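One chain, subunit A, appears in both complexes that follow, with subunit B as partner in the first and subunit C in the second.
Up next, the complex of A and B:
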């Protein structure tokens, strides 16, 4: 009996979870008329105009709206990849030092780093808005990369510290006894051991950087717009461009989905290490 | 906040016995070299903005023309904000939203996560599929739910009416809009709780369950007396992250309701953004941002302290 209740509840949750995803996928292939059909249609002519405008090909090639979306896609790729790489790089260095050394103010440093996760974006945005304009960073990719680093380096430090905690300290001790420097041990022995952790951290940072909206929406105006911002602009004066929004949503989730599936094992480990390491 | 991890307790003695003077200085160099880039970025991107924000909050000025009308007003921005009934409304709305969606996410997430720790065929694929809502951009989530919840041609109302129930005007009434936003947020973030919960549950040694089974423990006993307490620290971290994130929620409302109907679904974050970037009352927005900041930091400090106590217990 309890078994059946559990199964029904699980089925209900799966429907709630996957239904909207399925609906997003279906709607992204619908033309204008089918999108608003009531009752909703299940059989319809496949219409790829939304995807065409996202990639700027086919009928949408060269049109004003398509131009902006392709640009935004390129911006998104550049900003989130370089932001992720840099945040993971810095987080790895900081995480290693915090895992291996005791130094004054370590606890304060770790809390300060973590507090970036607690900061409401709009709070710092009031200031960034002015500072970026003054420094000439407004509406530039570099500015957004800086934001991506700051927003993710805290998480990266914490997760990486967890992974380094899992590597026995004997590794460096043996290396030092054998006459290698600490730096050599770090690069050639410890780093390869936490490859999975780096992948997991990169996965998390990429998801956040790729989907980031609040900062990008206020700090960009034309040139550096990312795809999430461009999507929100698709709800402009001419009404909401639903097909384009749905297609862009599908395009946005694909790289994350592939990434997530590849790193799923490390991801679980990263989460437990990252949080269990402290408790 | 104190840092406690198991490995540290044993290391200082071990290291100091091994360390020579030369190694110590190279260690200091490594600490400095590895930490300073992160520290520099955070000082530039976090500490400096917060200090400036606090100083802005005592002025009355607009970012549109920063050089004109830059006037010291002391605590006027704060007294104005705290006496503003509309702001209290936003705090109440934010509180309701946080309560509804975080409790739903925790209950559903723990339940599904508990079921998913059992091995079965295709678990990895199902697991990845269930994580999909979390991978979407919050803006897409907002628009997707706005599309599905449309009162005339939305699929949700179609399902409701085909069950013989009355259609709901989801986004044009205050209370349904609250639940619509909570449903969208819960949809998006329950997978995160599932992820953390599964990770925590898998970390519990199998032998503990076996011992309980020998003693004839019921499944309910095993769940409430073994699984939950043993994974409490991780679940508590999940709770903290969700509390903070939903408290500062902005993107979702931007796309889903735009703060409407009226201003009934404006969170505090939304109000900051509107004051700063629609009306350009930069001084007032800074004051509001400072209030929001202090609430969130205060809240997380209380929670983190509780977490540390929990860590000592287990």
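Up next, the complex of A and C:
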């Protein structure tokens, strides 16, 4: 009996989480009439105009309704991926140092690093805008990559410090007294032990970078627009293009799914890390 | 193999001095045991010898060469840690040959050395297994095998047996002592267990409050403690202490009414003009049978026997002290105890130092 209650609760929770995505997916294939039908229709003609428009193919190719999401998608992938890789790289090194070494002002440093995430983006947007304009970084991918690093490296440092703290210091010490250098121990022994943590950190950073909207909307105008910004601007002459927005929404989700599919094994290790760490 | 010297070694963590001006020479091939209560600085000293801890002041010398600036990997040492000792993702074989690979030892040599330690530690059946599948005792055996496999100049052991079951620990202790003598490797061993120290050490280095209290071979440490701390820390049950209050004639024992005859206290102690505290090991206290050289009126409280040994407590004023009588003929007497004169040690009640004679250096 309890088993069934649990199952029902889990099913409800799953639906609560996945429902909106299902809704998005269904809606992306609906025409305008079906989209607004009330009560919602479950059987409808598949309408791919949204996707055609999003990718600028089929009927929409070369027309004004072609909506050129591909460029924004490429921008998003480049900005998020390089931002994530660099933030995780820097965060891993900084996290290791903060976990293993004592240095003057370590506490202040860690607080400072965390404080970079305390301000709402709005508070610093104007200054970023002015600074980027002056430095020639406005509307460039490099600019957005820098923002992604800045926004995530603090978080990455903290998470990675936590994972390194979970690795016994003896791991390096045994290697050192066995004749290996500290660098060898770090690369060949410690890093493999925290690869779950690295995956988890990368997951966080990637989501944040991928979904980042505030900076991207202010700091880009045309060339470097990312997908979330692009989608928000999808209101045409005929009003808000919901089918297009839904289709673009699906496109927005897919890379995240692919990313998490790729790191899923390591991610699971990261989640059970506490159990494995002291074995 | 190497001689290890510590010269004026001090290690500070901020304002805290973990190791305070330690001087020590461990001879080539010697088994030295650092003994002391937790937090006394013994592990910190060991880590400094390993190179895992920087010395704030002073020098560490291997065979006369200053090694302060060498990294652990350059020092040709091996170390066994208290808890985490093996890599869980490497099997036993890989764990053991780990240090050999660091030095790029040739394959044939690796195989030969592996066979050698596997033989010594009887690990033949375990080579393919992973550390997680082994009991802690065996894990530490593997850690020891890994430590000795490349003939280190100095072997450093940080409470290697403390995570092992009591029963197995004793067995390991004998094996370890035997192995060390066989290999003749200079060994520094850290423990807070005085029985381990007594049974393993060529010399015990007793530490307290970041300083060396006494350095001596186990027998001297036991029979001639240079301080109240040595007397208390070494031996189980612990040494009994009581203040001697001069009365005429003799000395009153603490707040009891019992009088110790003046002849029982050597002349140099009486002449030292210092407050005297007397220490006596339980085995130097006897149940009176009329034959005791020094008889004192102190009531015996409880007696229980373990085989031939008769453990008893007796009252000194409000305090309790312990005695162990091993004589077969010992008889219980309810009102008196006997003291063996050679077992009486006299300390300065204020400083805790042994009151020195010409024969016994403080």
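We adopt the following convention: the second predicted complex is superposed on the first by the 229 of 279 C-alpha atoms of A that agree within 3 Å, B and C clash if a C-alpha of one lies under 4 Å from a C-alpha of the other, contacts with A are read in each partner's own complex, and residues count from 1 in each chain.
Here is the rule we use: a residue touches a chain if its C-beta (ideal position, glycine included) is under 8 Å from a C-beta of that chain, and two chains touch if they have at least 3 such contacts.
The shown structure was predicted, so the numbers you read here are calculated from the model rather than taken from an experiment.
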Touched partner set for A:78, first subunit B, second subunit C, both or neither: neither
Subunit A: partner with more touched residues, subunit B or subunit C: B
Which of subunit B and subunit C A:122 touches, first, second, both or neither: first
First, second, both or neither for A:233, with subunit B first and subunit C second: neither
First (subunit B), second (subunit C), both or neither touched by A:150: first
Which superposed partner A:189 touches (first subunit B, second subunit C, both, neither): second
Which superposed partner A:173 touches (first subunit B, second subunit C, both, neither): both
Common interface residues of subunit A - those touching subunit B in one complex and subunit C in the other: 173, 176, 181-182, 276, 278-279
Interface residues, subunit A side, partner subunit C - complex: 168, 170-171, 173-182, 184, 189, 192-193, 276, 278-279
Interfacial residue positions of subunit B with respect to subunit A in the complex: 1-5, 7-8, 11-12, 14, 18, 23, 26-27, 30-31, 33-35, 37-39, 41-42, 45-46, 49-50, 52-53, 56, 63, 66, 108, 111-112, 115, 124, 127-140, 143-145, 147-148, 152-153, 155, 158, 162, 187, 190-191, 195-196, 198-200, 202-203, 219, 233-234, 237, 241, 244, 247-248, 250-251, 254-255, 269-270, 272-273, 276-277, 282, 285-286, 289-290, 292-293, 296-297, 300, 304, 307, 310-311, 314
Subunit C to subunit A touching residues, read off their complex: 50-52, 71-73, 76-79, 81, 83-85, 87-89, 98-99, 102-103, 132, 146, 150, 156
Footprint of subunit B on subunit A - complex, ascending: 2, 6, 9-10, 13-14, 16-18, 20-21, 23-24, 27, 36-40, 90-91, 93-94, 96-99, 101-103, 106-113, 115-131, 146-147, 149-150, 153-154, 157, 165, 169, 173, 176, 181-183, 207, 210-211, 213-214, 217-218, 227-229, 231-232, 235, 240, 242, 245-246, 248-249, 252-253, 256-257, 260-261, 264, 267-269, 271-272, 275-279
